[in-house]
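Chain lettering (A, B, C and D) follows the sequence in which the chains are written, and residue indices restart at 1 in each chain.
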């Protein structure tokens, strides 16, 4: 497990508030529960559980009690079980406070591409589009650059969009960005990069306060 | 118990070209016994509606390898490389449906609803060709109900009337699939007397269930990896 | 309780088959369970119960366990509870084998009017239209004549329709009628009326076999 | 327990002109305590979405007499003569909705669905002015989702997180009403510790419930007439 991924998960964890209902996507988001500290949140799993608990020990694994990432889980105190259609009543209906998900690209207004790569087989979407459409708040947790070195935050998506609903925030190992109608705003630098260095590895322009600029560059 | 049948009997209810609604999420809550019967049969040109197509050679992945399938409708096939390959080779049609839209479309199929307007997938490739409508300033797309000829589902217990309860998240798509097939066949781990299930805990009332098949697998509650 | 109403309920009971799921409307249909004999059917109540049992004794009344007619009930062995939306998945989705309901009028093809009287306040429809649209089979159980002496079976509805779905059968204290695409067919006379006498108190023409005609008129 | 409030507090969440979704079937499963508070208040121009409007002077019938109501949307008002009278006198607007359409419309309101096509009421006065669409040769009408400003529901028990279970058929419309209000207030007979309700028996998960009010009525389990 890379340190960058853990760093991102830790920073996302700071954004969570007590009592929130949260859906965690595959990848980096699944690391978040380890960094919640005293915060009490409720994890919703789209395959039919509210109140996902930690991984069971090997003796207590039941493969009919799994997360949406298909890993064995346990139930927290006060957990409830339901079917897939009721699970998406929660998700689509705006009852999940926060979705944390990965992305292939995010554009300068927060539009997300996280299900398909152009020219490749497009055979999986899962619950991503439902979460994009329905979660009250969306945080993208992702490495700053894709494996091929291209920036994930871009001016315009070149990958297929996951929906018209925009993300609220992007957290990478280098920075925290907020999306508003004006575009992208850099609100925090998480690594030792200067603003100018960050600009070089980012595909979209972003706003930032001079104060942030001064202290960090 | 009238609804109890032998597992080989299920082949009498399934015809070439049928659309089958199959419960399960990956391999969890999946009717593996029923799938085995079908994989060993000579059924052809089946359309499977299910969230996934199992894994390589496991669950619904077996049906793919056995040559029963023409088409799969579901939300996530990427985890079965065989499915990706079959699709690339032009041997399997795939229709990708967002997970929540799939669950709701099947529920509508069972509920006498012809279609519904959802916000999910608006502005994406999945919405291409779909009718749009604006309600209160927000754009929705029309999704059609999904029905099947036969539903194959997996429950934990049935009572002798056919009422079903599920094992934790093994419920997943099984409860909606149970409502939308002309014939509904449930594979169960255990059969109990009518009255043993609490009226409050029954998830699928017996009127949805036509036949019950006893699971041939012994449930691994404690799985050591 | 009038003898005619009991007679109708008894005759409807003969139409029920073992194992069927049945929804009983208000009025005459509620009398049917008393005349089922050995038949085992499952009564669905649209307020959220499959497997309605008999009226409880006074000590065991719970006003949160009632029928759709708002009378206290019990639960049969194997009963299940659900909410209103799931109840109408059953009804609208065609999972209820038979609905037995009253009617203000039925036309010669079986179109039903059972919720509103023209010129009067139209303030109640309940689940009638859902049952008309969704039940696999519909039997109308009704007195032959309305209180004002007008026939319930009519050529054309003058009361507002309950839907385009047609009833399969009409059972009154005088006769059993079947509805087909050809129109109304008299299949049984239940009183000492002749066919001609029956014609006089019926608002629609009906077919009947000469055999029935001979034996009954 | 954070969600527990005094019954008089509910007036802080309800504004004149609001649409309230109220659970219950007749007087069964009805939040009588919450209704009493509202009836004693000076709230005005409320729209009530509920299957019925109680009975004369009982349940939601109290709200009618107290002058809080502008409009009622539901399936059956005939059993409350006051409602019929108020409508005749032009003092109450009524929108009649078939019971199954009402339940589904509210469910859609809570589910992020804009509308749905149903066979119910096709060809009737209820369908007048509604958009029609043919699917597979059958005609359906479009029904819009229903949402509310505040939901008032009645449950048997809440746990300290706000998970709810209902008493038998007292569940009725309460479970869907719980999903479709911006603010959801549940009146309950009993409050238990989180963990005391079986995850399988919870009908309304806590994420739907904003506030809990303790029932002021003692439940008459054994009612002698």
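Just so we're on the same page, a residue touches a chain if its C-beta (ideal position, glycine included) is under 8 Å from a C-beta of that chain, and two chains touch if they have at least 3 such contacts.
Note that the coordinates shown come from a computational prediction; the quantities given were computed from them, not determined experimentally.
Trainee: Starting at chain A, how many touch steps does it take at minimum to reach chain D?
Mentor: Each step joins two touching chains, and the minimum needed here is 1.
Trainee: Can you check which chain pair, C-D or B-C, has more C-beta pairs in contact?
Mentor: The comparison resolves to C-D.
Trainee: On a C-alpha centroid basis, what's the spacing between chain A and chain B, in Å?
Mentor: Going by mean C-alpha positions, chain A sits 29 Å from chain B.
Trainee: Any idea how many Å lie between the Cα centroids of chain B and chain C?
Mentor: 35
Trainee: Could you please state the distance in Å, as a whole number, between where the Cα atoms of chain B are centred and where those of chain D are centred?
Mentor: The answer is 33 Å.
Trainee: By the touch rule stated above, which residues of chain B touch at least two different other chains?
Mentor: 104, 107, 111-113, 118-120, 168, 199-200
Trainee: So which bits of chain C are touching at least two other chains?
Mentor: 75, 81-82, 88, 91-92, 133-134
Trainee: Give every touching pair of chains, nothing left out.
Mentor: Pairs flagged as touching, ordered by label: A-B, A-D, B-C, B-D, C-D.
Trainee: Taking the touch rule as given, give the residues of chain B at its contact with chain A in the complex, in rising order.
Mentor: 25-29, 51, 75-79, 83-84, 87-88, 94, 96-104, 106-107, 118-126, 139, 156, 166-176, 203, 220-225
Trainee: Can you name the residues of chain D that touch chain A in the complex?
Mentor: 2, 107, 110-113, 159-161, 163, 179-180, 194-195, 197, 199-200, 202, 205-208
Trainee: Under the stated contact criterion, what part of chain A meets chain B in this complex?
Mentor: Going through chain A, the ones touching chain B are 45-49, 58-66, 68, 70, 72, 75, 81-85, 87-88, 91-92, 116, 121-130, 132-134, 160-165.
Trainee: For chain D, which residues are in contact with chain B within the complex?
Mentor: Contacts found on chain D: 104, 108, 111-120, 133, 135-136, 138, 140, 144-145, 165, 168, 198-201.
Trainee: Using the touch definition from the top, list the residues of chain C that touch chain B in their complex.
Mentor: So the residues of chain C touching chain B come out as 19, 21, 42, 44, 50-51, 75, 77-82, 88-96, 133-134.
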